[in-house]
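Just dropping this structure here.
Should a chain be cited, it is by its letter among A, B, C, D, E and F, assigned in written order, with residues numbered from 1 in that chain.
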Amino acid sequence: MRPSGRSPDEMRPITIEPNFTRHAEGSVLIGFGDTRVLVTASVEERIPPWLRGKGEGWVTAEYGMLPRATHTRGSREAAKGKQSGRTQEIQRLIGRSLRAVTDLKLLGERQITLDCDVIQADGGTRTASISGAWVALRMAVDKLIAKGDLAADPIQKQVAAVSCGIYQGNPVLDLDYDEDSNADADANFVLLSDGNIAEAQATAEGATYDEEALLRLLRLARMGCNEIFAAQLKAVGK
Amino acid sequence: MRPSGRSPDEMRPITIEPNFTRHAEGSVLIGFGDTRVLVTASVEERIPPWLRGKGEGWVTAEYGMLPRATHTRGSREAAKGKQSGRTQEIQRLIGRSLRAVTDLKLLGERQITLDCDVIQADGGTRTASISGAWVALRMAVDKLIAKGDLAADPIQKQVAAVSCGIYQGNPVLDLDYDEDSNADADANFVLLSDGNIAEAQATAEGATYDEEALLRLLRLARMGCNEIFAAQLKAVGK
Amino acid sequence: MRPSGRSPDEMRPITIEPNFTRHAEGSVLIGFGDTRVLVTASVEERIPPWLRGKGEGWVTAEYGMLPRATHTRGSREAAKGKQSGRTQEIQRLIGRSLRAVTDLKLLGERQITLDCDVIQADGGTRTASISGAWVALRMAVDKLIAKGDLAADPIQKQVAAVSCGIYQGNPVLDLDYDEDSNADADANFVLLSDGNIAEAQATAEGATYDEEALLRLLRLARMGCNEIFAAQLKAVGK
Amino acid sequence: MRPSGRSPDEMRPITIEPNFTRHAEGSVLIGFGDTRVLVTASVEERIPPWLRGKGEGWVTAEYGMLPRATHTRGSREAAKGKQSGRTQEIQRLIGRSLRAVTDLKLLGERQITLDCDVIQADGGTRTASISGAWVALRMAVDKLIAKGDLAADPIQKQVAAVSCGIYQGNPVLDLDYDEDSNADADANFVLLSDGNIAEAQATAEGATYDEEALLRLLRLARMGCNEIFAAQLKAVGK
Amino acid sequence: MRPSGRSPDEMRPITIEPNFTRHAEGSVLIGFGDTRVLVTASVEERIPPWLRGKGEGWVTAEYGMLPRATHTRGSREAAKGKQSGRTQEIQRLIGRSLRAVTDLKLLGERQITLDCDVIQADGGTRTASISGAWVALRMAVDKLIAKGDLAADPIQKQVAAVSCGIYQGNPVLDLDYDEDSNADADANFVLLSDGNIAEAQATAEGATYDEEALLRLLRLARMGCNEIFAAQLKAVGK
Amino acid sequence: MRPSGRSPDEMRPITIEPNFTRHAEGSVLIGFGDTRVLVTASVEERIPPWLRGKGEGWVTAEYGMLPRATHTRGSREAAKGKQSGRTQEIQRLIGRSLRAVTDLKLLGERQITLDCDVIQADGGTRTASISGAWVALRMAVDKLIAKGDLAADPIQKQVAAVSCGIYQGNPVLDLDYDEDSNADADANFVLLSDGNIAEAQATAEGATYDEEALLRLLRLARMGCNEIFAAQLKAVGK
């Protein structure tokens, strides 16, 4: 039995509150159960140096966790003077995932930065970040289109992510903190609305796993992402 | 006339939402108009090295601003690898202000950290932080009392803060961003519920000021803090 | 056709030169084709602070690339003053992979650090590092056993890793630099000699992929790792 | 009674030695009693990036304390790799104070940096820095005028600063270290020679204070600054 | 007697393996006994900012030691976030030494960086680095000449370096680790093939020394460098 | 002819002002012509971790240059966040030089730190630092002896340092900035009052040099150090 009483293929409630803050071109507070991440999309009319003159744009992400988003207070990365390896790994994953659904040529010479800040953590902060980032990105691109700044829509598909894992021998969907900290294996899948995979990562923690388990986790992820795709569309009013 | 249409001695609406997040011993989302700061109070049973063996506790603060809390995106301090001088100045001020109402002997050998993270900025983020931090601290101390961990209440008074300034020649209360970025002088007052002053800071920006103006600003601050004191009490249910 | 003329399931030549340096408890120069990584295993009779008193040991890894291991000179991380996100991601992966085959209780209160330094890069540096690290770790543990410092062998299985990817629409094994920099998708698998999976990571670069492709990549990886397992055993004389 | 035997409104001897070093455009060793600060003004024909094309100049300050300026040796900030929050707070205050008397348009597109290095500390290092910086700045600007580089004098007023505090219940002027480390409240005022205020900062340390005390401290500061204004004029030969 | 049984004026075997790696314009693995340093020369068509417009090139060096090049594992400088004083001292010395034989005007507006990475340390790593760097530099310059990028050869002489020291009262040549860690005095000489001196550094460790000892050390160094000059020529096929 | 009109073996005036500051156990302002360095000796009853339990003390040094000690303003190392390679090289040299005349066993388990801060630079800052540091160290040790904290005097000899160089083909003593920035070769010698050498460093800048030149430079240094030894003794009243 899962600590939360959920069935193995049951997501936590997904909540998406658009326009949570006012300054950003896109802004959303996304919740996967008690996990809550504020994602903003900021459009800037500049690109990284290594892209200059190529006629393309860039989508990137930064990730942070408020010190007391967690059960016990973690130290503030700005005060320590560096971002942890975990933080960098996550923000690289978020950026790659959103670029997988963006046509950078169509975006033109501008950069969109997705800031994902975890307000409250209960497992799945990176997957909630990716799923919320799509909504913030969609909102920001819609504003660019409305202003006439884009000739064509650079975002043709949705992207969402969810964690799965093997908990007490059973594959389960959308791990919360209690499960995540005791899982035998822990996976994150980033899936597209056309059914394709952008990223699959499955890591043995307490025990290694076999091919069949990997496939079972992927199928659970597919179920979860379908729910997220629906919630994303509703949040952007489509 | 003020850009917002407010009268010179009129505060923006004060909103205080306690228990905005669940893990911290105290947690509050405070708003001064569009400025919104999430403050958490974290109790830890350890003290800084230089306090060991003195039988006292410590209250300290950290401050941060989410990159897109502002009109244009600012860089993330964790990514830059250091906190700005402004950030350090503010978090030192918050810490001093809260210590001004805390009996550190009565607190015992533990530390309470007040994390003030600006979700949305529209002027007055440091004063909203101080005002919200008192609520979070009060909640955390109430939990310690309820658990029987404190012999006596170490917090006997309230502390609140508000900014004032000289805008187009007139002293006004609670500057928003439009006023703050064009003020001749900019002041922050940290006041106690017994009427005393914990901190007064008044800085000439566009023009220097005289003693009469300083006093007028202080009196406006007193009016503002009285409103905040009432909102604080309501938030903690007293 | 692959640039190197290899067939899709053909590994580059695997070379493992044990005792490449003399001071370390384990030392190996591993080559996957032109990729060459020096891996050393260092045994220290101390453990990280958070493990103290638990009666367990620790296995960890650090990764670096010499500035001119690559086609054009990269900047030296020591001179820049920080390790890149990529470096941290890789060294975390190496550490996890080796811990997947180590019984930390049986290791006792000591730490083994695997330093993986890339002398020459031609794709697959992280997978060569993991594969070589197992040999260095095995050598170091054998020395501990020979000295009578261990009651039982903490390493019961082998671990190896290999990259696969989709290049010009075809799944291929063991990408070299030419393929890696043009692949549609890029995957790394960390497999155990008992057939289980320790880590699967598959990332879309130019194009997303489907479940069938993921499985095909995994099967290629299995073929590659079997070759590596044999080379590892030969290198340690078993 | 004050530890030094001074009366409450008595400054320590003010000493100003111009041209203490030879390379800088302005250079002065200022003493408030045993506190001694070396201030240099450096003129550079460049401006910060954010000022380019505005036709204005900039005045800024940096502050440092030699490791053994104090009773016990403090660590060297260059060796620790960062400036403390206190240092940054002070150098921001010095810069603002000098800009309050400088017409940046008249200065033209150049920057003047005021380096304030504390040779010996006995309380009041930031106020001595500001007071000495005016002399160094005046000297540097006089050289620019003499060379014909300025059409009009950008400095029309003097600025000086002094600390005051409440020591054993009594407001006193110009705290030395013994008083400063035991004061109930500690204030710094930056005043102009036209009587206006550039900055007022009053901080409760041991005890909060009331409006009357704030005014009394301001009046003491006014007496002190008048002495400093006279010493400044004498130092620049006017 | 020397621990290695060598006579006082006897070098350890000098080994120079050119083309140890493939990407760099010059690459060599040099050995002085068990000390082994990989040196690469990288040619870049850019120069440091302060040289722009002078029509000259630049030769510089970076030095690093793999964590387990030594008897016990040292910490990785990239992970610590800074290069030690020792590292910086050594890389400055290497750069100066190579510039002493390079005509920077003839090199033209390009930079050659010599990366010296110690694979295994047994004393004399800086002198082996300098001696190997000449070979790598020579190879890189020969490639530029072969491509027709240079009008004339900018390197007219050889440079080599060797350590000497006073061990148990006797001047000896080419200290190994056992001698180096117990020497009374420790010297490094950088000599040119025309007999001149580029750098002499002699440091008292356990005991100071006199002029006669200094001269004796210099003469030993001359003998050692003559051997190195011959090995360098052989390595570049001249 | 030398720019200053000095003869080749003529030192600049040596000035030593003891007790320039009051808090340090030893304090001196030393001048070699226009070069002026403030040196303080701080005694602390603690030792570095790696010396614990050995019954010895430690002497170490830190070096800094005020930003405008030089002709044009240099950046502040504390603001840049790191010490340059040059700074670290110099402070390591100063520490070694003073340890060469100190019996660390007799010093007992305490550390003396010599802070050398350059107030004004005109060539020879490192040699002035070493020469002044001996005076500050002597003063600090005399205080320890006077308090009865030392059984025997740990300093039996004097140490001094001076630069020499080859300027326009001629060996000259005590280079000033004009000479130093145009010298063919630049040397620093650290000599003891018993005639022995603690450190010899001679670097080719514009041109390499031969053995005879090295000896001539050493003899000039000996003349200079004899003058410094006399000035040191006078400064400490012996």
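As a convention for this text, contacts are C-beta pairs under 8 Å (C-beta built on N, C-alpha and C of every residue); 3 or more make two chains touch, one makes a residue touch a chain.
Listed by chain with UniProt protein names: A, B, C, D, E, F = Ribonuclease PH.
Keep in mind it's a predicted model, so treat the numbers as computed, not measured.
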{"item": "Third chains touching both chain E (Ribonuclease PH) and chain D (Ribonuclease PH)", "value": "F"}
{"item": "Most widely separated chain from chain C (Ribonuclease PH), with each centre as the mean of CA atoms", "value": "D"}
{"item": "Rotation angle (°) superposing Cα atoms of chain B (Ribonuclease PH) on chain F (Ribonuclease PH), nearest 5", "value": "120"}
{"item": "Chain A (Ribonuclease PH)-chain D (Ribonuclease PH) separation of Cα centroids, rounded to whole Å", "value": "50"}
{"item": "Between chain E (Ribonuclease PH) and chain C (Ribonuclease PH), distance of the C-alpha-averaged centres to the nearest whole Å", "value": "33"}
{"item": "Centre-to-centre distance between chain D (Ribonuclease PH) and chain C (Ribonuclease PH) (centres being mean Cα positions), rounded to whole Å", "value": "59"}
{"item": "For chain C (Ribonuclease PH), residues that touch 2 or more chains besides their own", "value": "81-82"}
{"item": "Ring order of chains, beginning at chain C (Ribonuclease PH) and proceeding to chain E (Ribonuclease PH)", "value": "C, E, F, D, B, A"}
{"item": "Chain D (Ribonuclease PH) residues within the chain F (Ribonuclease PH) interface of the complex", "value": "21-24, 27, 34, 36, 38, 40, 42, 44, 62, 64, 66-73, 76-79, 81-83, 87, 113, 115, 117, 119-121"}
{"item": "Contacting residues of chain F (Ribonuclease PH) [partner chain E (Ribonuclease PH), same complex]", "value": "82, 85-86, 88-89, 91-92, 96, 100, 192, 194-204, 208-211, 214-215, 218"}
